[in-house]
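By written order: A, B, C, D, E and F. Residues from 1 in each chain.
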Amino acid sequence: MSGKPIVPLIEYEMANDTVRAVYDDIMQTRKTDWINNFWKVLAHDPALLKRTWETLREVMGQGALDPLVKEMIYIAVSATNGCEYCTYSHTASARAKGMSEAQLMELLAVVGMANETNRLANALRPPVDVQFEPRG
Amino acid sequence: MSGKPIVPLIEYEMANDTVRAVYDDIMQTRKTDWINNFWKVLAHDPALLKRTWETLREVMGQGALDPLVKEMIYIAVSATNGCEYCTYSHTASARAKGMSEAQLMELLAVVGMANETNRLANALRPPVDVQFEPRG
Amino acid sequence: MSGKPIVPLIEYEMANDTVRAVYDDIMQTRKTDWINNFWKVLAHDPALLKRTWETLREVMGQGALDPLVKEMIYIAVSATNGCEYCTYSHTASARAKGMSEAQLMELLAVVGMANETNRLANALRPPVDVQFEPRG
Amino acid sequence: MSGKPIVPLIEYEMANDTVRAVYDDIMQTRKTDWINNFWKVLAHDPALLKRTWETLREVMGQGALDPLVKEMIYIAVSATNGCEYCTYSHTASARAKGMSEAQLMELLAVVGMANETNRLANALRPPVDVQFEPRG
Amino acid sequence: MSGKPIVPLIEYEMANDTVRAVYDDIMQTRKTDWINNFWKVLAHDPALLKRTWETLREVMGQGALDPLVKEMIYIAVSATNGCEYCTYSHTASARAKGMSEAQLMELLAVVGMANETNRLANALRPPVDVQFEPRG
Amino acid sequence: MSGKPIVPLIEYEMANDTVRAVYDDIMQTRKTDWINNFWKVLAHDPALLKRTWETLREVMGQGALDPLVKEMIYIAVSATNGCEYCTYSHTASARAKGMSEAQLMELLAVVGMANETNRLANALRPPVDVQFEPRG
C-alpha cells in the first residue's frame, strides 16, 4: 500500500486560471473554504476537471430525485465497486445532507442483498418473465 | 446465448410443501397470483428460497428508507453489476411502486457518473481527506 | 432474456428539438445517416443525452492519444465489465477506424491477462514496491 | 488495513532453482537488478510464477500493438477492477515507456466514460443495432 | 487511505442484548473468545447483524460441500471483487480449517484463469454450444 | 442482443496446423469428438489459443485440489462476473464431473453470501483484525 496519489495534488496556489475558476465554483456551490483531493488530482487535466465538476453539479442537484437519495445511490455504487475514496467521501456527503445511521445501515442491507441476488440470477439464468417486459 | 435456465423452473404444482408455503407468502405479500422465475429456480434449494425471500421481504419493506428508494438502489446495483434479469425485474417493481420515467433517467445519470468517478479515483488514488474521516 | 429496451427507442420523427439537434450533430460528426440505439434510449432525458454525446465527442477525438487507441481502451473496459451492447458497438467502431483482427486479438490477450493478474494481486496483497511510488 | 502480504515474499536468496531462473529472466528482460513484489508472492507456486511471467513477456512485447498502448490497456483494466497494486505498478511501467501526463489523463477520461456508458447501456438495454453486427 | 471504519466498532460492553446474544453465539460456534471487526460494524443494525450471522452459520457449515471448500469459494469471490477485509479474514479461516499453501496457490491459479477467460468470452461472444444447454 | 460472435468460428476444416494440433489435444484430453465455441473464436490468434488451452489443461487437472472443486470455483467466479457463456460451459463441465444439484445450489448460496458481505465490508471498512494478519 503506497498511499501516495498517482499524480501530485494541485493546490489552489499552483493552479492555472481554468482550475481556479472550477475550485472557486466548487467552494461557492458547497459553501465551504476547501477543495477535496479528488478535484486536486483531476486538475492535471483542466478540461476533465471542469467537465466532471459541471456534470456532478448538474446531476446531483435537486430534480426528480432528492439530493440525499442521490448521495445514497452513489454510496451503493461505490460499495459495489469497492472504491475506498468514494465510500468515505460520499458517506460524509450523505451525512452532511442528513442521512441517519439507521438509513445508512438500511441502505447497505439493500446493497448487500442486491449483490447477492444479482449473482444467484447470473448463475441460474431464469428467463425474464413476460410480466416484467417493458411496455411501449 | 442459450436462454434456458440452468435448472428447470419449479412450478407450484410440482413444488413441495416448504416451497409452496413460500410461494403462497410471496403472492399474498405482493397481492399477485403469479410467481416470478427467480423464485422458481431458487426453489431447487428450499432453505435458500425461504431465507432469500424472508430477507427480501424484511429488507425491502417500509423502514428508515422508502420502499421506492430501495427499488431504485436495487436498480443501481444491478446496472453496475450488469445483471440482466435483475434490471428487468427491479425496474418493473420500481415502476409498479410509482417510479416515473424522469426519476429512472435521473437515477441512471447518477449511476453512470458514480461508475465514472469511482474509476477516476481508483486510478489516481487521491488520499482520503481528513474532513471525510468518520468521527467516533 | 427479454431483448426489449427498458424504455422505447425515440426515433428522429418523434424527437423534440433538443434531441434532434443532438441527433443531427451525431450524424454530421460521424458522417452517417443513422443514429444507433444507445442514443435513442438516452433521449428520454435530453439533458443526459446532450451531455453524454458532447463528452464522448470531446473525449474520443484526436488528442494526446490516437482515436483508435481510445476505441480499444473502450473495448477493454467493456469486456471487463461484460457490457454486451458496448462490446458490439465499440468493436464495430474500432474496426471502422482500421483495427485489424490481429490487433483485436492482441488487445484481448492483454485484457485477459490484466484481469488475471489483478486477482492474483488482490488475493496475495503484495506491498507496493517503493520503486513504483509516484514521484512528486 | 493490514498491509502484510498473504504469503511471505520469497527473496532471491531463499528461492529454489526454478524461481531463480524466472527472477534472472525478469531482470535480464527488463534490464533491472531487482524483482517487484508481485513475483515474490507468486513464487510460492513456481509453476504459476513461470507460466505467468512467460505469458506476460509474450503478451506485453512488441506485436500488432505498441508496448506502451498495452501498458495503458493494463491501467484501464486495473482501474476498472480497482486493483491498487496493479494501478501503481502499471502506471510506473507506462511512464517508464514514455507515457506523458497528458496521455495518462486522457486515458483515464476514456476509462471513466466507458464505465459510465457501460452502465447506461446495461440499465436501458438498447438492442444491438444491425449495423454493429459482425460480418462473417 | 483512512483506515477508520465508517461507523465505530461496537464492543461487547457497549452492545445491547440482541447484539450480545449474536456475539455469544459467534464465540460459542467458533470456540473463540473474541469477535472480529466485521460483526462490530454490522452491530449498528442488530437485525442485519443477526440475519447475516445466522445465514453465514447455516451456509458455511457442513452440507453437500465441505466447509473448507466453501471457504475457498469465499476467497475466490473476494479476490474477484477486490474486497481487502474479506481476503484477509477468509484466507485466515481457510487456513484454520486446514488449507495448505499449495491449495491456496492452486485455488488462485483457477481464480486468475477464470477471470481471464470470462473476459475473452465477454469480448468475443461465442454462442453457447448446444451441448452445454441444461436438460430439463 | 446480437447472438453473433465478434469473430467467425474457425472450424476444424478451416484451421491451420497449429490450431488443429490444439483442437486434437482438446478432444483427446477430454475424450470428446467436438470442440466448443470458445476455442473456435480464440483460434483467430493461434498463440493465444495454444497458451490458454495449455494453461487450462495444467490448472484444471488433478493437483492439491480436486478437479470438481476447481470447476465449482470457476462457476463462482463466472457468476460473480456475470459471464453467460462461462456459466453455461462450466456448469455443464462440473455436472459432467459429478456435481449434484444439491452441490450446485449450496455453491451458489456461498457465492451469493460472499458477494453480499464483500459489499458490507467495502462500505463499512472494518479494520483487518490482528488475528487475521498472515504470519511470516
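General observations
Just so it is clear, a contact is a pair of C-beta atoms (placed from the backbone, for glycine too) under 8 Å apart; a residue touches a chain by one contact, two chains touch by 3 or more.
Owing to the predicted nature of the structure, the values given are computational and were not obtained by experimental measurement.
Set against the Cα centre of subunit A, the chain with the most distant centre is F. Both copies, subunit D and subunit E, contribute mostly unmatched positions to the interface they share, with under half of the numbers common to the two.
More inter-chain C-beta contacts link the pair B-D than the other of B-E and B-D. Centroids built from CA atoms put subunit B at 20 Å from subunit A. If each chain is reduced to the centroid of its CA atoms, subunit A and subunit D end up 26 Å from each other. Spacing of subunit A relative to subunit F, judged by their CA centroids, is 33 angstrom.
Taken residue by residue, subunit C touches two or more other chains at 1-7, 52, 55, 78, 80-84, 87-88, 91, 102, 105-106, 108-109, 111-113, 115-120, 122-125, 127-128, 132-134, whereas all remaining positions touch fewer. Shown here, the protein chains touch in all possible pairs.
Subunit A makes touch with subunit D in their complex at residues 1-2, 6-7, 44-45, 48, 52, 81-83.
Remark: subunit C residues 75, 78-80, 82, 84, 87-88, 91, 108, 111-113, 115-120, 122-125 touch subunit E in the complex.
Of all residues in subunit C, only 1, 3, 82, 84, 87-88, 91, 101-102, 104-106, 108-109, 112 touch subunit F in the complex they form. Against subunit C, in their complex, subunit D makes its touches with residues 2-7, 9, 34, 36-38, 40-42, 52, 55-56, 59-60, 63-65, 69-70, 72-74, 76-78, 80-81, 83-86, 88-89, 91-92, 100, 102-103, 105-107, 109-111, 113-129, 131-134. If you check the complex, the residues on subunit A that touch subunit C are 1-2, 4-8, 47, 51, 55, 58, 127-128, 132-134, 136.
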